[in-house]
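Two complexes are shown next, each including chain A; its partner changes from chain B in the first to chain C in the second.
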Partner chain A sequence: MFYNKLLSKIFNACSGNSGLKSASLRNTSAKYISTTARRDDLNEFFDIKENWGVPEVKSGRGWTKDDLRIKSNEDLHKLWYILLKERNMLLTMEEEAKEQVKLFPSPERLDKVRDSMKNLEDVVRERNKAYHLLETGKDGERPVEKYINPFGMNATKRLYEYPLPKHMNKKWLENHVPYKENNKDIQQFQLKLGENTFMYKKRKRTRDFNHVIGLLNRFPNMDMEALKGQYPDVDIEKAKRSRKYKGWD
Partner chain B sequence: MLPRNLIFVRNISTTIPKCGKKNFRKFQLFNKRGSRLFKQQQAKDPEPDLFHNRGVREIGYKDGNKYVVVPEKIPELIVPNLSDCKLKPYVSYRAPDIQQDEFTAQDLFDVVYAPKIVADFKENKLNADGSPIEPSIYEKLTPAEAELKARQTGTDLFCSRDDVV
Partner chain C sequence: MSTRWYPLYQTGGPQLRVFLPNFWMKLVRPTHDQPQNVVQFSCSMEMTTPDIKNYLEKIYNVKTIDIRTRIALGKTKKQPGKGYIIKDDDIKYAYVTLHSSQKFDFPDLFPERKEDEADKRTMDEIKDGFKKYLETTKNRPNLPGWFSI
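Moving on to the complex of A and B:
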């Protein structure tokens, strides 16, 4: 009797996840720890009383993509709201700590929740992509187009659907000014932008070169391959010929 | 000789210019802000530039003086029942590491289509060109229909910030 119950429990746990990956699921048993208790009122916006004013609140790690890929869509839907509630709770506690001029304990929890939510959305996006590629042959995501913006710089924009064609859509035309090559202001801007980028690159080259010489002086037995990997633009032989280089080979 | 009240006198001011937060000439008054007279003016003849939706999406469109509400435009939040849900916001550090590749179209095909094709092949229910004699509802689906089904109201069009530089 008890064994049957246990089996049905395991089956339910597995069937909750996508049938595809259930084979790999049977080997995984995850233990979760929680810092929050179950409540169903407005107090859910606050942490449990034991965690008020303590210097540190222990929590587990965030959800990785691999953890989330073996979950079903329903589980992901639930987990999204669990994470959302946790984030709301943490933000409330952070604000309250700020108000009382106290330290908010373990702020890394916010980062963990944020990363988990990002991962969750990416996993849902993967599944969406898979469906679209199988059924329609396209990835089903918002198309992105490269264009030259009014300042003459390369840019990318997301494409949206409009009920009106471009030439009839006054509002669209107001917001989308085309790039005019012969405009004097734009030409001046381009000139100055070019000068700015040129000077930035030139200064960076000199800075890196001098920095490499300094590194060579300080650490004569350095791994040259690693140095080349980190500063590929710097000619190390030339740096060693510099008068600032104090070592000798 | 000039009368006394017409003599020009130069003054200097020791007060600071009115550029602080109290100077309302600096700000635009959107929606319900402003004096009663201003609001009455706005009610009668509204300035379109002084309307701010505060980031709320429209749920319809304006047709002349009438506002037409489109039910599909009203956002709907589907919140699952979280009672008896054992998922937690954090994972224990003791939990075993899981290796799982990205879910691809091939995986989905293996689950949805492959078993039916294998069974049809074994029972000789395939035509000479490989198409099924008795297609399932998934096999009947054309790409256009599938796209229409996937792009129904409430679906997301994914586009990450990384794609748009």
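Moving on to the complex of A and C:
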């Protein structure tokens, strides 16, 4: 019903200047659509009256990416506002249910709307990327820069447009902390960080090695290829030579 | 009018941008008694009064006369059983004044429903079952319910 309601709303919205696609779609599937009247007021923040105090509200699936990819930009834009209103309605109902200490019926509707909105955004982004690649050769996404942070670790940041260049931007210069190689504290930190990562890797190696021996003991007829695939760093021949290994080869 | 970063400038052409606001608004039961043409909303923290005005007028077709906002501090309390302090999120409330001719009463969204037939039947069955259980175990106290011949 949820799905149908949305569809019908979209078709209602498109009927003014319907493109070819929506016209043909309407002809083929007009039978299955139940229309709901458009309510242009604050009552849109509430569910329809039949669903007040009902233990369960039946709803269909949300919008998948494949559903949205065949829609025109205009339809997507309209659908976004429908979903936005639906979400506001559900949030209002949920809040009131909390207030009244009642059970909010069918809370999965909120997840469906959230996923639909996420999918819609992704589809718009896909189209945006494709358009910019065609027009400018770049995907038009926000560029990401790799840099060394003040602690001397590799990091990434999403770039932002500034009205001033760096050397003229006093506020940025004040707040910016560059990486200083010769700082004693940073050197100490780097040393300890290196030790930490080294010990982590070493412990992981030992742990995996012992685990593989345990596996070999418990499952002697195991698929060796799979074992090698899962633990590529472990030398299985060496594991079999260990005194912990109880099999005979 | 959204929480996203402003889109980047792209070379050439008109700057084609799709506007998809992601703000939310909840119509809530007023915390204090309000005049009949005042509606209370809770909304995204980033929303300003012009945002709310545009949101209601363009998306919901509701004309507003005046909008005031406040930020309610979230409650601070002890985590039960743990002892450390936790704080609820702050909430932004908007008080929207409609035209004086309009009236808005917050409806009763969860009215009491009469018990369904099915519910009543199951309840009766449970009650009968318990009565039967009490009768069968009457003469053997201090024994578990499953202990039976």
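Methods note: the second predicted complex is superposed on the first by the 134 of 249 C-alpha atoms of A that agree within 3 Å, B and C clash if a C-alpha of one lies under 4 Å from a C-alpha of the other, contacts with A are read in each partner's own complex, and residues count from 1 in each chain.
We adopt the following convention: a contact is a pair of C-beta atoms (placed from the backbone, for glycine too) under 8 Å apart; a residue touches a chain by one contact, two chains touch by 3 or more.
The shown structure was predicted, so the numbers you read here are calculated from the model rather than taken from an experiment.
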{"item": "Partner chain in contact with A:Ser116 - chain B first, chain C second, else both or neither", "value": "first"}
{"item": "Touched partner set for A:Glu225, first chain B, second chain C, both or neither", "value": "neither"}
{"item": "Touching partner for A:Glu56 - first (chain B), second (chain C), both, neither", "value": "neither"}
{"item": "First (chain B), second (chain C), both or neither touched by A:Tyr81", "value": "both"}
{"item": "Of chain B and chain C, the chain that contacts the larger number of chain A residues", "value": "B"}
{"item": "Contacts of A:Glu181 with chain B and chain C, given as first, second, both or neither", "value": "neither"}
{"item": "Which of chain B and chain C A:Gly140 touches, first, second, both or neither", "value": "both"}
{"item": "Touched partner set for A:Glu237, first chain B, second chain C, both or neither", "value": "neither"}
{"item": "Which superposed partner A:Asp67 touches (first chain B, second chain C, both, neither)", "value": "first"}
{"item": "Set of chain A residues, in rising order, touched by both chain B and chain C", "value": "77, 81, 85, 128, 131-132, 135-136, 140, 142"}
{"item": "Residue ranges of chain B touching chain A (in the complex, touch as defined)", "value": "78-80, 82, 85-105, 107-112, 141, 143, 146-147, 150-151, 156-160, 163-165"}
{"item": "Of chain C, residues touching chain A in the complex", "value": "5-6, 8-13, 16, 18, 20-22, 24-29, 39, 42, 59-62, 104, 107-113"}
{"item": "In the complex with chain C, residue positions of chain A that touch it", "value": "40-42, 44-47, 52-54, 73, 76-77, 80-81, 84-85, 87-88, 91-93, 95-97, 99-100, 102, 117, 120-121, 124, 128, 131-132, 135-136, 140, 142, 160-161"}
{"item": "Chain A residues touching chain B - in the complex, by the definition given at the top", "value": "19-21, 24, 28-36, 59-67, 69-70, 74-75, 77-79, 81-83, 85-86, 109, 112-113, 116, 123, 125-138, 140-142, 144, 155-158"}
